[in-house]
Amino acid sequence: MPLPLILARSKTSVLPTKTLQVNGFVCKDPMAVNADDFFKAAKLDQPRDTTKSKVGSNVTLINVMQLPGLNTLGISLARIDYAPLGQNPPHTHPRATEILTVLEGTLYVGFVTSNQADRSNKLFAKVLNKGDVFVFPQGLIHFQFNPVHDKPTVALAALSSQNPGAITIANAVFGSKPPISDDVLAKAFQVQKGTIDWLQAQFWENNHY
Amino acid sequence: MPLPLILARSKTSVLPTKTLQVNGFVCKDPMAVNADDFFKAAKLDQPRDTTKSKVGSNVTLINVMQLPGLNTLGISLARIDYAPLGQNPPHTHPRATEILTVLEGTLYVGFVTSNQADRSNKLFAKVLNKGDVFVFPQGLIHFQFNPVHDKPTVALAALSSQNPGAITIANAVFGSKPPISDDVLAKAFQVQKGTIDWLQAQFWENNHY
Amino acid sequence: MPLPLILARSKTSVLPTKTLQVNGFVCKDPMAVNADDFFKAAKLDQPRDTTKSKVGSNVTLINVMQLPGLNTLGISLARIDYAPLGQNPPHTHPRATEILTVLEGTLYVGFVTSNQADRSNKLFAKVLNKGDVFVFPQGLIHFQFNPVHDKPTVALAALSSQNPGAITIANAVFGSKPPISDDVLAKAFQVQKGTIDWLQAQFWENNHY
Amino acid sequence: MPLPLILARSKTSVLPTKTLQVNGFVCKDPMAVNADDFFKAAKLDQPRDTTKSKVGSNVTLINVMQLPGLNTLGISLARIDYAPLGQNPPHTHPRATEILTVLEGTLYVGFVTSNQADRSNKLFAKVLNKGDVFVFPQGLIHFQFNPVHDKPTVALAALSSQNPGAITIANAVFGSKPPISDDVLAKAFQVQKGTIDWLQAQFWENNHY
Amino acid sequence: MPLPLILARSKTSVLPTKTLQVNGFVCKDPMAVNADDFFKAAKLDQPRDTTKSKVGSNVTLINVMQLPGLNTLGISLARIDYAPLGQNPPHTHPRATEILTVLEGTLYVGFVTSNQADRSNKLFAKVLNKGDVFVFPQGLIHFQFNPVHDKPTVALAALSSQNPGAITIANAVFGSKPPISDDVLAKAFQVQKGTIDWLQAQFWENNHY
Amino acid sequence: MPLPLILARSKTSVLPTKTLQVNGFVCKDPMAVNADDFFKAAKLDQPRDTTKSKVGSNVTLINVMQLPGLNTLGISLARIDYAPLGQNPPHTHPRATEILTVLEGTLYVGFVTSNQADRSNKLFAKVLNKGDVFVFPQGLIHFQFNPVHDKPTVALAALSSQNPGAITIANAVFGSKPPISDDVLAKAFQVQKGTIDWLQAQFWENNHY
């Protein structure tokens, strides 16, 4: 399901009926539907600007937010541009598996297995060249990194949901508003509280949604 | 589910236990799993040969048959090369929605709606240029065609299943073995039995699976 | 899901709230629900008129459109009357498997397997007599035909969805509005463009929804 | 899922590999599959003997146990013969909704709603005539009864699972082996322990599975 | 799905748009959502009064009705207090499996298997002590009973749905409004009609929803 | 699905047939199943030792690994003991929502929303007292912390899967084997490579699976 549906039996803070939502979106009159509802001039062939991104990437999503006709259809696309030495930092997609192929350049990718008796936290990583394919199973922490210092990389990814969701790990942990208690994080990450405080004072920008 | 599981209480024609299948595939020992099980050097950047195809296309699938690690993960990819004036002929994917983007060239695409009181059999079609995206909802008849006479087209598609299946309409209807009764087809298609017989005598080649 | 939910972030072409839909239907007040919401005097014992049908069949559906209480409940029924030599022409149900039994007469039935390396497009067909049962797996092209020249046939079918959908192959391919490009169809079906044009000029009537 | 899959990490009581099951059934070799795997000469047109049944009915199931090809396909059929004044006693199908039509005779049918603040335990009942249709939502207690003293009734039902399951209420409650404590049942049913003991001493025969 | 969605094509008895429902609940504006939507001061540590209950139990539910934030999230909790010799009488949860642990006291629990050729109506029962865990598979008839005459028992249960539903067997069968025909019940339960009439005249109180 | 099913078309590294798995477990012979397959003397009333845990908690899981009868049944339990000032560090459950209640003590809990245009990375946190309930939606990063310096806390949680999985964020990110490139992590977490190297040299112990 895309956004969690938050409910209330009381009538306070209820959405005005005009904007009542199904899967978070308003339905179009079926008689008015046409080919354009399944189309987007997404310019997925065009390079994106990665210079403004702290982490050196730019993610162009084509999911139900950009192409409403995708609702209920269970799939989405993304184009990812990586600056030289840029990355799509460690993140998860709570609601989808991702499959990725490199269109240009080189890409170091990986995911980490979940906690399992003998095989916890194993990193499965590969260096991908143009034309290679890699899979990131749903919900696992993964990342991509362009190891080349003088050429950008471009990848195309597909996700098994019209609204996969994204959790950027560093941002969620250290950039939440309000912040998570620094006692909790200091112990969880085995660092000083001061380190946590410093981290929480940084600016954490999401590179995608 | 990929292949229908065909069952029999009797023990005749039972798969020998060594080849017993889960979702049609044998499971690997979890302790032996590694990054290569999620990777494929698919060469999706390389042009494919469309000259041998009657319909002028070549489909390169990256689904669970090619990348076993995709099992249970609900997604797959395909690269489609279209010769000048080539097509991916009308077909359906019984088990997945498809989202497609054009990497090079031009592509005329469309799908036909199912039977609905006021809106049966409507064709939703678009001409796509490089970078555009289009969606083909699960189970609907759709096609793609390269309308340019002197340049190939290349598209990348993703499907919302690790084993979407494919039914090439003309092949299934006129190329089945054994053939469907020509009485049935003549009436269904409003043509002479002789026309059906002639069609059934042609060679029908699947361009993808 | 029955009809694809077509969405738009903008407020143009939005359904007026009075007709806002859930699964395409408006919910009844639970306090007003009664046994009649689960009942239909469907007259499934009565013969239907097959004389007006080009293909010689008449399909009586009992799905969520006819019996709204079926919404969310995942099942529907159909009675199919076949004139002598009549048929339910090749079609698919994108969202359901169908199980059928013959109440009267004889019926030649079959489905075609999808594209699979060694077993593409195999026709699985049987002649059914009164009391026999046959299964048409979801999404596969199938048909039924009454091979007897002087007696009608009657069948009862159940489908694993409250809104299975139906795609009548010949109609969708040759009867779409607007028509699919005759270049595409001529090559897909290995016939002359003129044949396609002639086919597209015929009247294609759906015998069921 | 049909039978609950009972697991054990230890190797005691493990199924010998030859009979290892998928969904409780052994898979047939796909290359050996044919039309007969989707067919059953079920004689659903033939009356069944209801004289041996205490409750005066006879249920002929066509589910995955009788037609193995139904596995994974989510649907099944049943023919039910009711003697004059016979019934299909109160029961549930834990895994399916049922839709029923009367082929011959008359049938008093109903289901009881579950516990809900204002609408608990409401009986939704109808008298059905030939050709009528009624729906029993999944998991709810329902029954059918032939109110006519001198004619049998015949119904055809479809269920939204290849293995819907059945729980005959009286049998499960009073006929379990070993018996449920008579203290529990006496209080639950507001009767004397002696009444429970007497009930538990009766013979409880399942009329279907 | 929680409540069955009852539909009507006509506009009579349609919910006024202000109270139009999704899964039976009105959505809250996402911008107004906060931690309290996922919180409940449920006092699950506090004993409940079992003296007013005929069956000697008190069930405190924490499902989507009490904690609206649970909608779509697939889980709920319940605290059950049992008086000495009190019970949670035989019932089913049509939409969920239940897992239960004893917090205080002793508890005799069990479920009955459904109709299966060789294993119908088997009672699987255990006496649980503090800290023990037991599982009641979805849809099966089960009960719990405190066998101790001078101490209460307390259990905590979780169910695999935000709205599992509950059917109290005795109440549904003998306490329905209107009553099920006593002809039907007399034969189903192998008792005299007079016994049925007497039962149907009793007061049947649901101890939970 | 519990463990990802890793597949290989080749026969190398294939599980010997005796240990072939369904959902990762071997099925027990249905005729040998009994009440003990649904029971566990889990001692959930007993305090656990939290002194050996770096993070000061001890998680006792009752999922399909501990209670095999839970397979396919979609639910599990956990008891969590927190030392004074102990925590269950930030983690996710890729496959389940969690609902938690405090049995003893006090607990500061929270989860962080995923990336959403206007509401990314919001912390929803509460301080829970005995008897309170809180919900952690599937896949979101969450934690619990006992803010009291001299008393332990005990909670009981239920999860909407028989095998929810767990990813301990700090461990997966900084404790993976082999380690994630320190270039990637330094940039993602906005710290020096040296800091990353130091973190990766620590010992990261999972407190649960």
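Every chain is named by a letter (A, B, C, D, E and F) in the order it is written, and numbering of its residues begins at 1.
FYI, a residue touches a chain if its C-beta (ideal position, glycine included) is under 8 Å from a C-beta of that chain, and two chains touch if they have at least 3 such contacts.
It should be emphasised that the depicted structure is a prediction, and the values quoted were computed from it without experimental measurement.
**Q** Give me the rotation angle that lays the C-alpha atoms of subunit C onto its copy subunit F, rounded to the nearest 5 degrees.
**A** That rotation is 180 degrees, given to the nearest 5.
**Q** Look at the interfaces C-D and B-C and say which one is made up of more C-beta pairs in contact.
**A** Answer by contact count: B-C.
**Q** So how far apart, in whole Å, are subunit B and subunit E when each is placed at the average of its C-alpha atoms?
**A** Whole-Å distance between the two chain centres: 47.
**Q** Taking each chain's centre as the mean of its CA atoms, how far is subunit A from subunit B in angstrom?
**A** 29
**Q** Which whole number of Å gives the spacing of the CA centres of subunit D and subunit E?
**A** 22
**Q** Multi-chain contacts only, two chains or more: what residues does subunit D have there?
**A** Where subunit D meets two or more other chains at a single residue, that happens at 3-4, 17, 20, 22, 30, 69, 73, 110, 125, 137-138.
**Q** Once bound in the complex, which stretches of subunit A touch subunit F?
**A** Subunit A residues touching subunit F: 3-4, 54-56, 85, 87, 89-90, 92, 94-95, 108, 110, 112, 114-117, 120-123, 125, 137-141, 143, 145, 165-181, 183-185, 187-191, 199, 202, 204, 206, 208-209.
**Q** Would you mind writing out the residues of subunit A in touch with subunit B in their complex?
**A** Residue positions touching the partner: 30-31, 34-36, 38-46, 62, 67, 69-70, 73-77, 96-99, 101-103, 110-111, 118-119, 124-126, 128-138, 156, 158-160.
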